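Chain nomenclature is as follows: A, B, C and D, assigned in order of appearance, with residue numbering initiated at 1 for each chain independently.
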């Protein structure tokens, strides 16, 4: 039995006005194990804390109960007091007799009686308290960024600037992401490549940054401060350190009919290719699905023309193992597939394009060298129809229930650029709502209407019929309550965006949570927007929700600062109130593992003494205290009662229940 | 049957540390009254509440047990309150079968901002349990002092 | 392969060809279609209102009788298929309709949507397989450019019909390829032909049917195929110009050499 | 029409159609896709809007209810799964279920027939226009 001291606080008159503090101290003084009980005006004051410290020493107290305000207010204060007196801080319990007693009751006998019961419950609990020590775990001072788009690049640059090494893993042959495909950026209309490519180069040249392009994260184990990742460097059949990026092979390769994904299939590339001129790393990659040499062993042109001798048809996937202290997810997005939207004739006419395809058609480095030409016949289009919200804000299965956020602005941009470059065009934008919250955004949209003469029509397109070289667009104009018919040359669909298809498997690997749309969930929607609920995992860019470039860069920087804050520490203090498995009682059923939201529970086979001096091997659970957050879900799921939560153990809570019900 | 006006039920309230316990504190800060027979036990999360605790409370003479947690979707531990909800749905229907009326058990979502809701919930719950009268089922008379 | 067969009223009168070539082609393909005894008119249009029970009963009788025989129920007319499939869906999902319909019918065994309803095209695609069909073709219709006309009723509402992608269907095109011809894809293949509006508002029916044939013609179709007698009527009688329209079974029989 | 009659009628329309007009986000795709748009005085999106506002009488007097082709394009393509076609059918039923309000009478039929018309059309029309 512990030697317990009870300290009843008056809190001035806050408690003392409705609770007879002396009576409480007296009543609790008679409880079993209580060797000292007193009351004082302000326990949290220096004098009050001195009183506690002295009493601990003088009465050799093993446990302390403070009857005062809410533990949310002063639990830490009193724990520190106890620690200074040489008592384990977790041997302190608070009975909340202010917020949950004196402030809600008016009648003194009632309040006093309740205060005594609350005090008794705290005493009952503290009897079963055990000294707890917060563990420490070391921090590996290196960060992993998954995804090398603008979000990942910015995060990596910011972390590297703070002096920590960062690895970027990008599944494509080059970093840069979606922004490399964009022509101009709203609302300033500066060229995307002009602002992005210097950052790509900066990332490549930064001593603290390693770029693993054409690579994927295969597995991640460990926990905050101590992740261990396996990175698969896919065989590109070109030695990255030897290739000079001269591009001769990409001109000589005889396999010319490979859809060029960088231009979204609007033109072709070779089987050996460099995605675009400013690619980082500027290294060729062989597409094994199209390379004749890899498929049939006959060809070898690229090896013959490569003066550097960089081609290696025998290259295999390589695996790299590395430790990281923090992981940033920056997996980005893709426009949705438009299979179920063929009322817009996307698959029937090459002149019906998505907005991203339209970016390529407007881009000087695109398939038409920046001249807007109809894909079907290379003619100059005169009438263009933009359709907004294709798949966004849609509750049908094929759509997305959320607003994709960027479409209103890029559509205004496209419409404006069209009218600017080609004043002979008629440009129609069909909208449900125009959403332009953002600095200078609405002004931008209004400029498209007022200065550039873009026709904004409130309504939706219902059907597009390709007929005799035209696209017959049938749409509603809700303000004039008419069905209108436009003979268009091109139709541009603002397809909804969705998280990259790799996001779900990465979330599973990281035990990070996702919402129903496969966007990563943040630890708190307002206050912790760049952290995942899983410690050590941070979020950057569209993987967390639709956002434009400025927002992405801001979030990337915020994620970096959180990572830097983590990596700056040598050790991490762990919450000692974590779950613990009693290995003798554990039957290895995995129930706890299944409910753990953090992946903190693992199983291993351990030897135990069996009957007749034998040793038996049993599968038992063990909790990683650095990962466990102490929710207690596992303690209830455990059928054998082997799992318990330190600081809130089953016996402690039972003792409180008993004390209250007595 | 005569209603005993003097009957003061014993109520155990399990409150999660992050939302409901803070909500209870807030109703105190705002001086919102609720009956003194409600005694709160702080748990890290509603999913820490083992059905055994509730059985134990009834065994030891509690007349009602309420569990408060974060609103669905707001759990500090992401999914804890969903586990609590599922477990308690099962437990409460079993308790009902054993004769512990549904009115004596309850799960309620109270956020850290809902001091008023906490007080209102407790008032209502105490009233319901008071009407149901003393709980005799499951009570272990050997535990009486 | 044995199926219960629901021909429908029109197939016994104005659309005898649709029925005849269905039977002939099925026979040639080794598919046994057993005409359901005592089938009644499906009602031609699906009653959408939730309180319409009586108008669904005849479909339920056919469905229940197919269930009792133990075969899937095959239809060939788009309208019949639409009505029977959707009524069956109601009987699987709408408790209120299930209860009231069964109370009314007093069947020996209450009906709960057990029967699988298949369109003849689905039998060809999913049970026989278009690859297999292509192998059985004796007179491939090589060189013919055929536009598939789906209309509304086979595809929509897609959640209940589960027939094909409602905006980008391929089943008829795959069928056309299987019989050796070249499919012509045109945007109006899933737009309305005018349907029953020909009785109420002839000019509207003319406009709709003409839009379909114009779109098909602009994309190079020589002829259209359909599964619906009313579509066939609208496209032949109401559409401007002179686009040949056939039942898909007629071309199937031709390709199989049983016409 | 009395206020309470109007309310009751609106409730009936919502009940028998099973449509919740509140799901509508007013994009107008139903009217954009409607093949009978030009023949309607109230268009599909207005059906949704007016049912939501409880103004059923306007719709009952509209010629749009007779020109809906039941092609289900509005219902299929609606991004919010509102199903305007079901509302139109419900309003039409509200008209023809009144005594003597059949829109199509058997004596009209002989004039409408032609040699090739499948009887499917007649059955459909009777189901749609008469009780």
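Points to keep in mind about this one:
Throughout what follows, a residue touches a chain if its C-beta (ideal position, glycine included) is under 8 Å from a C-beta of that chain, and two chains touch if they have at least 3 such contacts.
Since we're looking at a predicted model, the values are computed, not measured.
Leaving out chain A, the touch network of the other chains consists of the groups B | C, D.
Shared contact partners of chain A and chain C are D. With centres set at the average Cα position, the gap from chain B to chain C is 60 Å. Note on chain placement: the centre of chain C and the centre of chain D lie 24 Å apart, centres being C-alpha means.
One simple way to say how far apart two chains are is to compare their mean CA positions; for chain B and chain D this gives 52 Å.
Taking each chain's centre as the average of its CA atoms, chain A and chain B sit 35 Å apart. For chain B, residues touching at least two other chains: there are none.
Taken residue by residue, chain C touches two or more other chains at 166, 191, whereas all remaining positions touch fewer. Residue numbers of chain D whose C-beta contacts span two or more other chains: 73.
Under the stated contact rule, the graph of chain-to-chain touches falls outside the line, ring, star and complete shapes.
All chain pairs that count as touching, in label order, are A-B, A-C, A-D, C-D.
Per the touch definition, chain B reaches chain A in the complex via residues 10, 12, 21-22, 24-29, 31-34, 36, 39-45, 47-53, 56-57, 60-62, 76-80, 83, 87, 119, 145. Looking at the complex, you find that chain A touches chain D at residues 343, 389, 393-396, 399, 432, 458-463, 474-476, 478, 481, 483.
Every residue of chain D that touches chain C in the complex is listed here, in rising order: 15-18, 35-36, 39, 66-67, 69-73, 75-76, 85-86, 89-90, 93, 104, 112, 114, 116-125, 127-129.
In the complex of the two chains, the chain D residues touching chain A come out as 23, 25-34, 37-38, 43, 45-46, 73, 77-81. Those residues of chain A lying in contact with chain B across their complex are 70-72, 96, 98-101, 103-107, 110-111, 113-114, 117-118, 121, 513, 521, 533, 577, 595, 597, 629-633, 635-637, 645, 648, 650, 653-654, 656-658, 660-662.
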